[in-house]
Amino acid sequence: MTMKTLSRLLQGLDSFATPRTAHAHCDLPCGVYDPAQARIEAESVKACMEKHNASTDDVFRARAVTIKEQRAELVKHHLWVLWTDYFKPAHADSHPGLHELFWKATKAAGQAKQTNDVAVADDLLNQIGEIDRIFWETKKS
Amino acid sequence: MTMKTLSRLLQGLDSFATPRTAHAHCDLPCGVYDPAQARIEAESVKACMEKHNASTDDVFRARAVTIKEQRAELVKHHLWVLWTDYFKPAHADSHPGLHELFWKATKAAGQAKQTNDVAVADDLLNQIGEIDRIFWETKKS
Amino acid sequence: MTMKTLSRLLQGLDSFATPRTAHAHCDLPCGVYDPAQARIEAESVKACMEKHNASTDDVFRARAVTIKEQRAELVKHHLWVLWTDYFKPAHADSHPGLHELFWKATKAAGQAKQTNDVAVADDLLNQIGEIDRIFWETKKS
Amino acid sequence: MTMKTLSRLLQGLDSFATPRTAHAHCDLPCGVYDPAQARIEAESVKACMEKHNASTDDVFRARAVTIKEQRAELVKHHLWVLWTDYFKPAHADSHPGLHELFWKATKAAGQAKQTNDVAVADDLLNQIGEIDRIFWETKKS
Amino acid sequence: MTMKTLSRLLQGLDSFATPRTAHAHCDLPCGVYDPAQARIEAESVKACMEKHNASTDDVFRARAVTIKEQRAELVKHHLWVLWTDYFKPAHADSHPGLHELFWKATKAAGQAKQTNDVAVADDLLNQIGEIDRIFWETKKS
Amino acid sequence: MTMKTLSRLLQGLDSFATPRTAHAHCDLPCGVYDPAQARIEAESVKACMEKHNASTDDVFRARAVTIKEQRAELVKHHLWVLWTDYFKPAHADSHPGLHELFWKATKAAGQAKQTNDVAVADDLLNQIGEIDRIFWETKKS
């Protein structure tokens, strides 16, 4: 465990984007969380949009819309879990925009179901990026 | 674990400003995959074991076992998806142990449901680490 | 819609407990929402606690805990959906405590998984009652 | 809608002092049931049809059909649960048409997946209304 | 178990080259149904009971109860689907006890969640066997 | 049990389509498995294709594609479970092509989501047939 802790510290020093140990969730709580879960699904949402827009095959396009719907739902779920389960009152105090950020990000995921406009997916990814930044900041402190 | 940690650190150094594309999955296929999904759930499995073993509260322990069961099922699912959907015949040719590796890793996830022995979770995490290594190797080529 | 509004007003006048037009949700959006979905599951959470506490049968008690876990997860889901999908910026402006209310209510649902203390379920039900009150207030305006 | 509104108003008048406990379900059994769960989803089914029929956007219409499919499945599930879990032999004896009613209502929910004819959703809602009426009658006795 | 083995052998002899049309379900409707889906899960329910009863390991027993709960839920689902989706008014006319049979079988599946008494699982399997008999009879005609 | 066994034997005599003792799965493990689960869903996949191809109704065709997607996912799931949970190292030793067979079969199920070409479903069914053959062979030994 010492090596892992050390590696975390070094990672913290050398990059914003180091391949981080990923963290998940359960309501035990097991204490394992990671915004990567939401981001991965959001990237899938974006890819579905791109593939939809590049295709002229009706069946393929219908499947892209349906699958995007499912992945966007997963984005919402992972974000909701982070918001309710990981973040504590002290975090909300030090990050006054936290609730608004999650509200907008989950709304963006809902919007991503309704459109194939890649800009919506990019906006969603940016908001998840902001959540990710705050998340790791709170993990450090 | 030392080698893995070291390789992670080195990855950290040379991917400095490289926001790693996170990789998920859908069967469109959207082309987004990432072994992190399995690893995150496996870390949750391990945490459930640790919290179970550290507790003397019967209700808590029962919940830990049930939740671990669910997370381990997700590990299996994410690994199966990678195996069937991401890996192609050319990958199997260049990595002859690929099938065996996935078979053993998913069996380890099944075993992790049946025990609270952390060594089983560590073994599972190691196998996912090996899958992760192969995955990124194939992404590069 | 006038008739429906009228009917609501009359219902309001003649009872505390009139069978209200129930409202659900989908992300079409279909526009159908109803806090009753969360409340129903929360009542189930409370009943699981009560039955757990009244029983001395180990298997029954274990089942009560596991089932409570599932119903509490549904409470969270229904509340998250209301928060993200039904409520609009104008609502948040006129109800400044809205985010905090939902955050605490979903946290209470998480807590209800971890305990058999009926007071936690009552607290959860009270918060859902408050959400219900605001919800119907916004429907009127 | 006028007839339905009227009937609702009358219901409201004569259940005046009946503090309706909302009722959900689990197979503990927790004893919490409520036909509102089925009705809420059925209202969503109907709204999906209406929105589908009012739109000329192909993607929107496809989403409406897919989402309706999911909500109709939930209608079936909630009705099946009521039928099997809530109703007891004594109820079936005093309501000889009970099985037939549930059979037709769940068949109507299946049909609602296959069409965008709002009359099918109205028929489904009427049957759920009948089930609701019987349900509350049995709760009283 | 010897009788069962014998029956398998006899089956092996005479169904040698008989690719049995398997029957599943979807609400397209695709027209594919098979009571085997319910029976398979019910056999799993029974096996969970037997393994539970033969074990003295608390964790194992708790897992057996939880998993049995899930398989019994699947039994109910598969039976409900058969009842609502496969069977038509003409079948109900020629098999007047059909509704009662399904009601009791799904109630038995609910009961199987609440006990580890193998007799309940056997009763459930017998009722599924009766449903199976009627099902294939209606397929022939 | 004797009566049931006897009736099973008699059933076996009067038909080629004997209700084979079906086998399912859970990760207890309960020891109940049966390739019929995968085959039933695969037949549903094929039926969805056939009904899709025979129809000119856009809504129906879209539903067929979406439902096929779900059933094909179930095929994959049931096959993965068999591969990881039922088959043991000794089986893999005596059937060297086992991993490859499951890999191709699950890939075929993925392909079946992407096409309405019945040949793909037939290929999938053939591979499941081969798995079924090996499965029962291993049960005998």
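In order of appearance the chains are A, B, C, D, E and F, and numbering begins at 1 in each one.
One rule holds for everything that comes next: a residue touches a chain if its C-beta (ideal position, glycine included) is under 8 Å from a C-beta of that chain, and two chains touch if they have at least 3 such contacts.
What you see is a predicted model; the values in this text were computed from it and never measured.
Trainee: In this assembly, which chains make contact with chain A and also with chain C?
Mentor: B, D
Trainee: Over half of the contact pairs shared by residue number: find the pair among A-F, A-C or B-F that meets that against C-E.
Mentor: Repeat interface, by the over-half criterion: A-F.
Trainee: Using only Cα atoms to place each chain's centre, name the chain farthest from chain C.
Mentor: F
Trainee: Once you find the CA centre of chain C and the CA centre of chain F, what distance in Å lies between them?
Mentor: 41
Trainee: Just the number, please: Cα centre separation of chain E and chain F in whole Å.
Mentor: So the centre of chain E lies 17 Å away from the centre of chain F.
Trainee: If you average the CA atoms of chain B and of chain D, how many Å lie between those two points?
Mentor: Using C-alpha averages as centres, the distance is 42 Å.
Trainee: Rounded to a whole Å, what is the gap between the Cα centroids of chain D and chain E?
Mentor: Centres of chain D and chain E (C-alpha means) sit 27 Å apart.
Trainee: Two or more other chains touching the same residue: where does that happen in chain F?
Mentor: 27, 60, 62-63, 66-67, 69, 113-114
Trainee: Mind giving me all the chain pairs that touch?
Mentor: A-B, A-C, A-D, A-F, B-C, B-E, B-F, C-D, C-E, D-E, D-F, E-F
Trainee: Mind listing the chain A positions that touch chain D in their complex?
Mentor: Going through chain A, the ones touching chain D are 62, 65-66, 69, 113-114, 116.
Trainee: Tell me, which parts of chain F touch chain D in their complex?
Mentor: Residues in contact with chain D: 59-60, 62-63, 66-67.
Trainee: Can you list the chain F residues touching chain B in their complex?
Mentor: Residues in contact with chain B: 27, 29, 69, 72-73, 76, 80, 83-85, 92, 99-100, 103, 106-107, 110, 113-114.
Trainee: Within the complex, which stretch of chain A touches chain B?
Mentor: It is residues 3-4, 6-7, 10-11, 14-19, 21-28, 30-32, 34, 36-37, 39-41, 43-44, 47-48, 51, 60, 63-64, 67, 70-71 of chain A that touch chain B.
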